[in-house]
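Given below, in the form of structure tokens, are the structures.
Okay, so subunit A shows up in both of these, paired with subunit B first and subunit C after.
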Partner chain A sequence: MNGFLRAAAVARKDLRVEWRGRQTITATGMVALLMILLLGFVVGSEPARAAAILWVAMGFAAVLGIPRVTQGEVDQQALEILLLYPGSREHLFWGKCAALTVMLSALLVALLVLLGVLFGVDVWDHGGALVGVGVLGIVGLSVIGTLLAALVLHVRGRELLMPLLLLPLALPVVLGCVRLTEAILTGTAAGLWPAVLVSFDVVSVLVCPILFEVVMDEV
Partner chain B sequence: MTAQTGLGAVAVLLLGIAAYVSLFASPPDAFQGEYVRIMYAHVPNAWVAYLAFAITFAASVLYLWKRRPAYDHLAHSATELGVLFTGLALLTGSIWGRPVWGTWWTWDARLVTTAMLFLIYTTALLVRGLSDDPLRGARLAAVIGIVGFLDVPIIHYSVVWFRTLHQPASIAPGSLKIAPPMLLALMLSLLAFTVLFMYLLRLRTSLARLEAGGEMR
Partner chain C sequence: MRDVTFVLPPHSVLLVVGPNASGKTTLLRLLATALRPTDGGGSVFGHDLVRDADAVRVLTAFVGTSAGAYDLLTVRENLAFAAAMRGRPDAPVATWLDRVGLTPVADDPVRVLSSGMKRRLALAQAWLAAPRLLLLDEPYGGLDRDGVALVAEMTEDTTRRGGSVVIATHEWERVMNEADAVLALAAGQPVEVGPVAQLTAADLAAAAGGRR
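After this line comes the complex of A and B, so read on.
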């Protein structure tokens, strides 16, 4: 069985478990919805604020959703078995990462529709570009998120550590997606932001799978 | 042990000379007046903080590669000192900013990046402390030390561009024109703080080694 099939099998398993329960996507979706309602009400729902509020909400949703990537395995004591399968653990990483990317992208699409309704921004005409930019950011978020989800697994108080790690480390993703979303909505130039997102993605993709194997080492 | 004490004595001596030159022997700034003297404490703090995180990065890579405990002791000690000096850099920067810029804090890229560094490496220390096993804690802290350091340039430039696209930086702290006596004071302070850092790092590393060995001397 080659690496791609192994990764796909892990991703399929994660997505199927999620589809049956739909707990993670519901919980993160509710948090994102709450953030958007709260920020939209407190800060004001002018279209100019839409991009920033969307990506702050995405950031917090990711903080809550990402630990679930490995939490499910721990609850069912399935992680040890998963690690016992022969072959590289990198495939496990890519499988989990792909499942996370799919989930966060689905969340982004739902939030964009919500933004179009609540903030009166024109998401309908630029839907493709907005999702494209979002997925570029989500890939980076998922790659580093999968590593961090594994990292906090054997640490006490992991719910507290996840935001402390993810939000500063993934700051370029949030900033880049805010500016690119603004640029698309207002039709202005994107500047260097695509390069920021791409370089974040490239660095993460190169480094995180290697470190994932280190993190998953048995003591 | 004597080399250690000698290094400490050199650090104290250099700090004394640097303090004298920066407080008395160097002139006040044309614009900032006496406040410019805060720079001689602020810039070395920031420099040592970045140096410490660079050492953390190198030691983390070496630890994950060779798995020798000595590298972990070095990484742990450098992280702790880095967090301390980052905190001091933020504090002295704030004290300097208040009279010179008229504000305790500004959303300048360097400030935001430094604050993010402080958070990332503090969390690295937390992860180490909260791990259920010291060896695992060492590994996880090394992973954060590597990811955090590689992330710094991207964080920095994203913060720079995030602001500059909207407004030009209203305050440019780098635009100081430095006169030779002031440059001397700054260089002396940098040297003194670097030697102090080396002394503290050696001290902390040997403490980590003793703790790991459970030895008492």
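After this line comes the complex of A and C, so read on.
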């Protein structure tokens, strides 16, 4: 059985459901927008602060949006049937992770444009480098997030548990992305942060799908 | 569940009856590998339910009380998704839609369907897998006469291909002519197991009510 086709089917299904319902992107977009506006007012809208504001907004938006991708299966009473399809649960993981990556990427692009307008950040000149950082950050958030969303699926108070689990685990991603974005925008050296981000992503990509299978076996 | 032992040969239909909370759905979910037995075990066409669960899932299709479909997707998209997840992305979705009478609503979102139409979709999702073990939990809920005939056709098709069917239902009168054997449960334990031919309607009514 072709795992890639199964993962693609899950991703396409999740994105179609999201496109028609627009629940996750609306919620995450609103949170991110409010955070950017609020932090912009509080700490000032100098370009130097844009990196931290961008990734803090992304982090909180991810906390809100990530659980919805898997929770939708429970709300639709479709989880049991999904788990009874033959084939590795890893395919489900990669499908859900891919859908989440697309959603967070769309959000990041919108936020970068917003930063360009509100903070006077020259997004266009640094477009390539910022996309590179975005890819590293979003892959890390999506991979960890997909696992945690499955972990808290049947937990009461998961809205509280999700940030408690995701924010500490994703701290290297958020911190790394802030430092790298800062370095790109100010033209300073990035130090070891690219290596930290890449290492985090590689370890997450290797470990999380295996843990997802274990978690789904207990659902 | 306790002390439930049975062998279901190919080409046969097992009717599972019993009052509410007697364990009918639990039994089906165990056979579908949605649940793992805490003790004891079982196998489906030689594949162990626990150690070889994925092989069991290849051979099995489970239709539960909920359709397991996505409200925001169309009927056609739901069926295509089920086919892709079954490793049959090229399955003739239009043919299956026609077969279960869903062609007129093929491009409608599932959220606007009646419960009977959702049930037909659930049947189609299971049927296109050409399962060797078909597990039907209360399959008649919301179905009209044509829908009931569809369940009978699906059952016959599965047994003709050498498969087996387990039907758990309170509406056992509908299955009397198709079933080969009966398993009556009460509080998770069998109260009657045997060929349908050896039971009278009164026996079955008593067994379905949980009385020996």
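Quick note on the criterion: the second predicted complex is superposed on the first by the 216 of 219 C-alpha atoms of A that agree within 3 Å, B and C clash if a C-alpha of one lies under 4 Å from a C-alpha of the other, contacts with A are read in each partner's own complex, and residues count from 1 in each chain.
Simple rule for what comes next: a contact is a pair of C-beta atoms (placed from the backbone, for glycine too) under 8 Å apart; a residue touches a chain by one contact, two chains touch by 3 or more.
If you're wondering where the values come from, they're calculated on a predicted model, not measured in any experiment.
Of the two partner chains, subunit B is the only one touched by A:S199; subunit C is not. Of the two partner chains placed by the overlay, neither subunit B nor subunit C lies in contact with A:A106. Looking at the shared chain after the overlay, A:L34 reaches neither subunit B nor subunit C.
Looking at the shared chain after the overlay, A:V43 reaches neither subunit B nor subunit C. Once the two complexes are laid over each other on the shared chain, residue contacts for A:G87 go to subunit C alone; subunit B is not touched.
Touched residues of subunit A, counted separately for subunit B and subunit C, are more numerous for B. Within the superposed three-chain model, A:A78 lies in touch with subunit C and out of touch with subunit B [touch as defined at top]. Contact residues on subunit B toward subunit A in their complex (touch as defined above): 64, 116, 119-120, 122-123, 126-127, 130-133, 135-136, 139-140, 142-144, 146-148, 150-151, 154-155, 157-159, 161-162, 165. Subunit C meets subunit A in the complex at residues 29, 32-34, 54-55, 57-58, 60, 62, 64, 66-73, 77, 81-82, 84-87, 89, 109, 125. On subunit A, the positions that touch subunit B within their shared complex are 144, 147, 151-152, 154-157, 161, 164-165, 168-169, 171-172, 175-176, 178-179, 191-193, 196, 199-200, 203, 207-208, 211, 214-215, 217, 219. Residues of subunit A that touch subunit C in their complex: 1-2, 5-6, 8-10, 13, 16-17, 20-21, 76-78, 80-88.
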